[in-house]
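What follows is a pair of complexes built around chain A, which joins chain B in one and chain C in the other.
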Partner chain A sequence: MTHSTPDLSLRHHRREQGLMLALASPALLVILLLIVLPVGWLAWQSIYHDGFTLENYRRIFSEAIYWRSFSLTFQISLLVTVLALLLGYPIAYAASVVPKGWSVLILALVILPFWTSVLVRAYAWLALLQRTGVVNQFLQYLGVIDEPLALVHNTFGTVVATVHILLPFMVLPLYATMQKIPHDLMQAGASLGGSPSHTFWRIFLPLSLPGVLAGTTLVFVLCLGFYITPELLGGGRTVMVSLLVSRNVELYDQWGAASAVGVVLLLSVLVIFLIVGRFIPLDRILGQK
Partner chain B sequence: MAVASNTGLGRALFGAALGLFASTSIAANAAEQITFVSQGGAYQKAQTVAILDPSAKKLGITINQDSIPDAWPVIKSQVASGKPIWDVVDVPTGYCLRGGEQGLIEKLDFSKIPNAAAMPEAYRNPYSVAYEFYSSVLAYSQKKYPDGATPNSWADFWDVKKFPGRRALRNHPIATLEAALMADGVAPDKLYPLDVDRAFKKLEEIKPNITVWWTSGAQSAQLLNDGEVDMVMAWNGRVSALTKEGAKVAYTYNQGILQSTSLCILKGAPNLATAVKFLNEAVDPVHQANLPLHIDYGPANPKAFDTGVVKPERVAQLPSAPDNAKKQALMSYAWWASPDGEAAEKRWVSFVQK
Partner chain C sequence: MGSGVESVEIKSASKHYGAVVALDNVTLSVAPREFVSLLGPSGSGKTTLLGLLGGFIQPTSGSIHFGERDVTLEPPHKRNIGVVFQNYALFPHMSVGENVAFPLRARRLPKADWPAKVRGALAMVGLAGYEERGVAQLSGGQRQRVALARAMIFEPRLILMDEPLSALDKQLRESMQIELRQLHKRIGATIIYVTHDQREALTMSDRVAILKDGRLIQIDKPAQLHDHPADSFVASFIGEASLLPVRRIDSGSVALGPATLRSARAIPNGDALMLAVHSEKLLIDDGADNAALNRLTGTVTDVVYQGESLRIFIALPDGTALSLRQPSHHEAYRRIPPVGGPLTVTLHPEDTIIVPKAAE
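Coming up: the complex of A and B.
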């Protein structure tokens, strides 16, 4: 009997693991079927077309249009991420410190536009920002400007609309993290003589970092693949990588020419995270409970 | 693009399933059927009334319809699968040519398509026959350019001193390079082969004055209607739709670029013989003459204008009417499908991006 106890707990442990696997398997299967297989198939197409070929990659690294689009895409994504963080942090902070009723209202206001189609919101921005749009007419009425400003059909308009569309992806993870930060900690800091700004910088901000990281990652990665917004608001000049993907499908008559662009984008994101991970202890920050 | 083609494929499969379902009940009296694919919307509805339903009735066949904004990827994957579902597609003429060269489209035997054989040679090629005409025209705001001071040529479009204002062009080289060359003094009938370098050089000239490079027909109309731009190259049907709604806009057919969609048959189409019969019927002068009664596109068969179906005042509005056609340049899809044309298409992005 004495030696059977570890056996039992081991068996129990194994059974639990098996159960967990069984519970997770539908989700894993969905991921395998809908993400891993198609992405793998597309990646395969990019190097195999009537034989092994690197032509699709040679093109990307030798033609200037790809470099320009990749660099523009990363610049826009970085800018959008920073702006979304600057706008989203105070919103999430406010939602996490005000009484319950108010926080529900704030979050509802954040999520409400989230339920509206991306297309509709892009057109709404067009109506606001264009030459005869609300913003220009109001500024002209006030006499601030004589001639309408070029607020849309360029990178500016694209960035404004993209920040608006991606803001919930910043606010929600931030709020989830901030909500869990115990307020006693700030009170304890204050009781030890810390000023409000001091307790914020030394206690609240570091504890909210997992949310910052999750939010910025989500926004940055989502922005890299944006298609409709630059297409509608970029005036044709804001050629982000996603637009090149669709162009290559039309131009080269094969999936590989387009999927190679996607593969390069995916790999460059992974490389960026590896580099960022060297300087920022990602697992430590995200591992905090 | 991929999304659009996926839904189209989904709809094709769904349509095929419905077709199977339907065929069991009507197989007895309608043995012959085809699947016809066009671009949907008001355009496909107009064809249904003017051409598809009358053709089906006359030939005693069933025409199953499907629609998709961009058929090209689906044509490719259907033919590659070895078992295409579609028979006849109505697509930009360039797709028929490119598809023909790549073995995706059946070569046509014009002895079996007498209606097409009687059409001008420029309106057909070994793989397809023109189905309807539209035109890329110079459109403008009448508020900005009142009568007596209207732009009337691509040279005027390029003349920012005489015609100050904001402009938009299509974010695509097709028809845009043609316009640039006409602005530079090339005669509409001497455009091909296009001098691509000269066209891009001319485009660089106007680039700072282009507010938007538009990507969809709806966008081009919205830009003009909202006063976002004062002058735009747009498709005639889009502009005439605005005028019908009372917008103060107008366009000229002078130096327009006459473009067509064509009918072609998928390689290994399930109902090849019926598809050929349909192709002949679809370009019948009377059916063709009916089309402009329902939508602002011109018949592809010039004989349609001799049928008396279209009233003279309506004829004057149509892009392919003889008087309008002679003011315009006829798009050479053969050139655009050639290696030079493909190279010009690839060059476009680097031009707009800089």
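Coming up: the complex of A and C.
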């Protein structure tokens, strides 16, 4: 009896491990099927075409159009992220300090555009910003301008529409973080002699950084792969990486080249986050209690 | 420290939230270096009053003065008062040293002076050498001390404390009460302290203000409050008193059911009077023939052992319940009859407190 006990407990342990694996397997299967396989297949496409080849990657790093497009994509994403932060922070701040009823209203206004499709919103911006659009006509009516401004079919139009569409992804994480900052910290700051601006810069802003980090990351990453808005509002001149991918597939039937672009974009995002993670103390910002 | 200490005066302050009256015409003055507690049940207006003093809320009417100056409309950061909040309100993203230095930074004092001042403030609360610690690493009592150091470092003319000890366990709370008391004597600051714990208020304060439903009922020294309550609410709130309805006979006696009690104190006029019997004022009748004492006889209904003392509950013939306290001494055990037995207790006319019945 005594010598069989360790054997029993070992068998029990193994059974438990098997059970855990069985329970986790549906989730693992979903990840495998929906993420690992497609990305793996993508990567495989980019290096195998009638035998191994690095031709696709050589093209990316040697042809100017690719470099320009990548550079433009990162510039636009950065600009959109900064603009979304500048617009989103005051909105989230207002929502977090006003009485409950008002904050619900503010958040509802932020989320409302979500109920219309991205495509519809992009066309709406087109209608607003085109040469004969509302904005140009109004400015001409006021006499501010004589000739219609080129507000669309360029980078400007792309940025405006993208900021609008991605703004909720900035506001919501910001609001979630801000409304968790205890109100008496602000009162304490004021009572200890901090002017409203001093209290904001020294207390509120640092405590809202986790939300800033979450919001900017979301917006930046979503913007890198944004397709419909640059396609419709960029007018063919603002060639972002997503357009490069679709053209490679649709115009030239170059699946390998398209895959290579996707892989390079994915890797560059990972590299950026590794670098950012080294310089910004993420654990300190996210781990504060 | 304490060079800028001034008196505080609240003149006819009221605060209404729509139809709700949070504070109703409160007038209160606090002398320089005085320790005043605001005591009352929740919803009595004590936190509202603290908010008015701190500048976090504006009164609907009335004014607040620090020394000669009217500060009613002054924003919190210009008032130069230290506030210690109930849950400490330490800044979680700053170290202990940075927290304590916050008021110095906010006032743009020369950076070279900070370390010495921070060291001094932390030493004052017994946390010397804690500058580099994170707030999350501190225990409740240590956080309390940091909040205190932070509120004192800029030598405020007034320190407000909002139930600062309520989150601590009983033992720590009691030792912090004594410490705060000594600290107050040492730094000589004016302190206004909000609490709902009557023992805490009596232990620490020079004077205690009793609030109820937004009104100031009585402000007095602890002993005065205990022995000369203004009405039955104060009597029930301070100490451990049984309140029994009595009828006025003349200026020196009242009727408690069929019994007549003499009082050496002035008996207030009016019909609705209550006898406030503190349980420590009742003594077991030792049989001595002292006709001056009031005597009450009842039946023992329960004897509760509470460590250092015994609490004995008795019922008078008409069912009225009373309780008295005896030190848990062998002598006391001998004199208390078993449950159901008769017991006669005496109440000295000097301790026979008759108060008007408080409005419900």
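Just so it is clear, the second predicted complex is superposed on the first by the 253 of 289 C-alpha atoms of A that agree within 3 Å, B and C clash if a C-alpha of one lies under 4 Å from a C-alpha of the other, contacts with A are read in each partner's own complex, and residues count from 1 in each chain.
One rule holds in what follows: contacts are C-beta pairs under 8 Å (C-beta built on N, C-alpha and C of every residue); 3 or more make two chains touch, one makes a residue touch a chain.
Keep in mind that what you see is a predicted model, and the values were worked out from it rather than measured.
Chemist: Let's test your reading of the overlay: on chain A, do chain B and chain C clash or fit side by side?
Modeler: On the superposed model, which is not a single observed complex, chain B and chain C fit side by side.
Chemist: A:Ser71 in the overlay: touching chain B, chain C, both, or neither? Say first, second, both or neither.
Modeler: Neither: A:Ser71 stays clear of chain B and chain C.
Chemist: Is A:Ser9 contacted by the first partner chain B, the second partner chain C, both or neither?
Modeler: After superposition on chain A, A:Ser9 lies in contact with neither partner.
Chemist: Quick one: is A:Leu244 in contact with chain B, with chain C, with both, or with neither? Answer first, second, both or neither.
Modeler: A:Leu244 contacts chain B only, not chain C.
Chemist: Using the superposition on chain A described above, determine whether A:Gln179 touches chain B (first), chain C (second), both, or neither.
Modeler: In the superposed model, A:Gln179 contacts neither chain B nor chain C.
Chemist: Kindly classify A:Gln17 by the partners it touches after superposition: chain B alone (first), chain C alone (second), both, or neither?
Modeler: Touch partners of A:Gln17: none, neither chain B nor chain C.
Chemist: Would you sort A:Ala188 into first (chain B), second (chain C), both or neither based on which partner it touches?
Modeler: In the superposition, A:Ala188 contacts chain C only.
Chemist: So, A:Gln130: does it touch chain B (first), chain C (second), both, or neither?
Modeler: first
Chemist: Which holds for A:Thr53: it touches chain B only (first), chain C only (second), both, or neither?
Modeler: Touch status of A:Thr53: no partner.
Chemist: Once chain A of both complexes is superposed, is A:Gly235 in touch with chain B (first), chain C (second), both, or neither?
Modeler: After superposing on A, A:Gly235 lies in contact with chain B but is clear of chain C.
Chemist: Give, as a whole number of angstrom, the minimum Cα separation of chain B and chain C in the superposed three-chain arrangement.
Modeler: Comparing every C-alpha of chain B with every C-alpha of chain C, the smallest gap is 46 Å.
Chemist: Using the superposition on chain A as set up above, list the residues of chain A that contact both chain B and chain C.
Modeler: Touching chain B and chain C on chain A: no residues.
Chemist: Touching residues of chain A toward chain B in the complex: what are they?
Modeler: Residues in contact with chain B: 63-65, 68-69, 130-132, 150, 153, 231-232, 235-237, 239, 244, 246-247, 249-251, 253.
Chemist: Once bound in the complex, which stretches of chain A touch chain C?
Modeler: 182, 184-185, 187-196, 198-199, 202-203, 206-207, 288-289
Chemist: Which of the residues in chain B come into contact with chain A in the complex?
Modeler: It is residues 1-2, 72-73, 76, 98, 102, 166, 171, 211-215, 219, 226-228, 342, 345-346, 349-350, 352-354 of chain B that touch chain A.
Chemist: Which chain C residues qualify as touching chain A in the complex?
Modeler: Its residues touching chain A are 54-56, 75-77, 79-83, 85-87, 89, 91-93, 102-103, 105-107, 136, 150-151, 154, 160.
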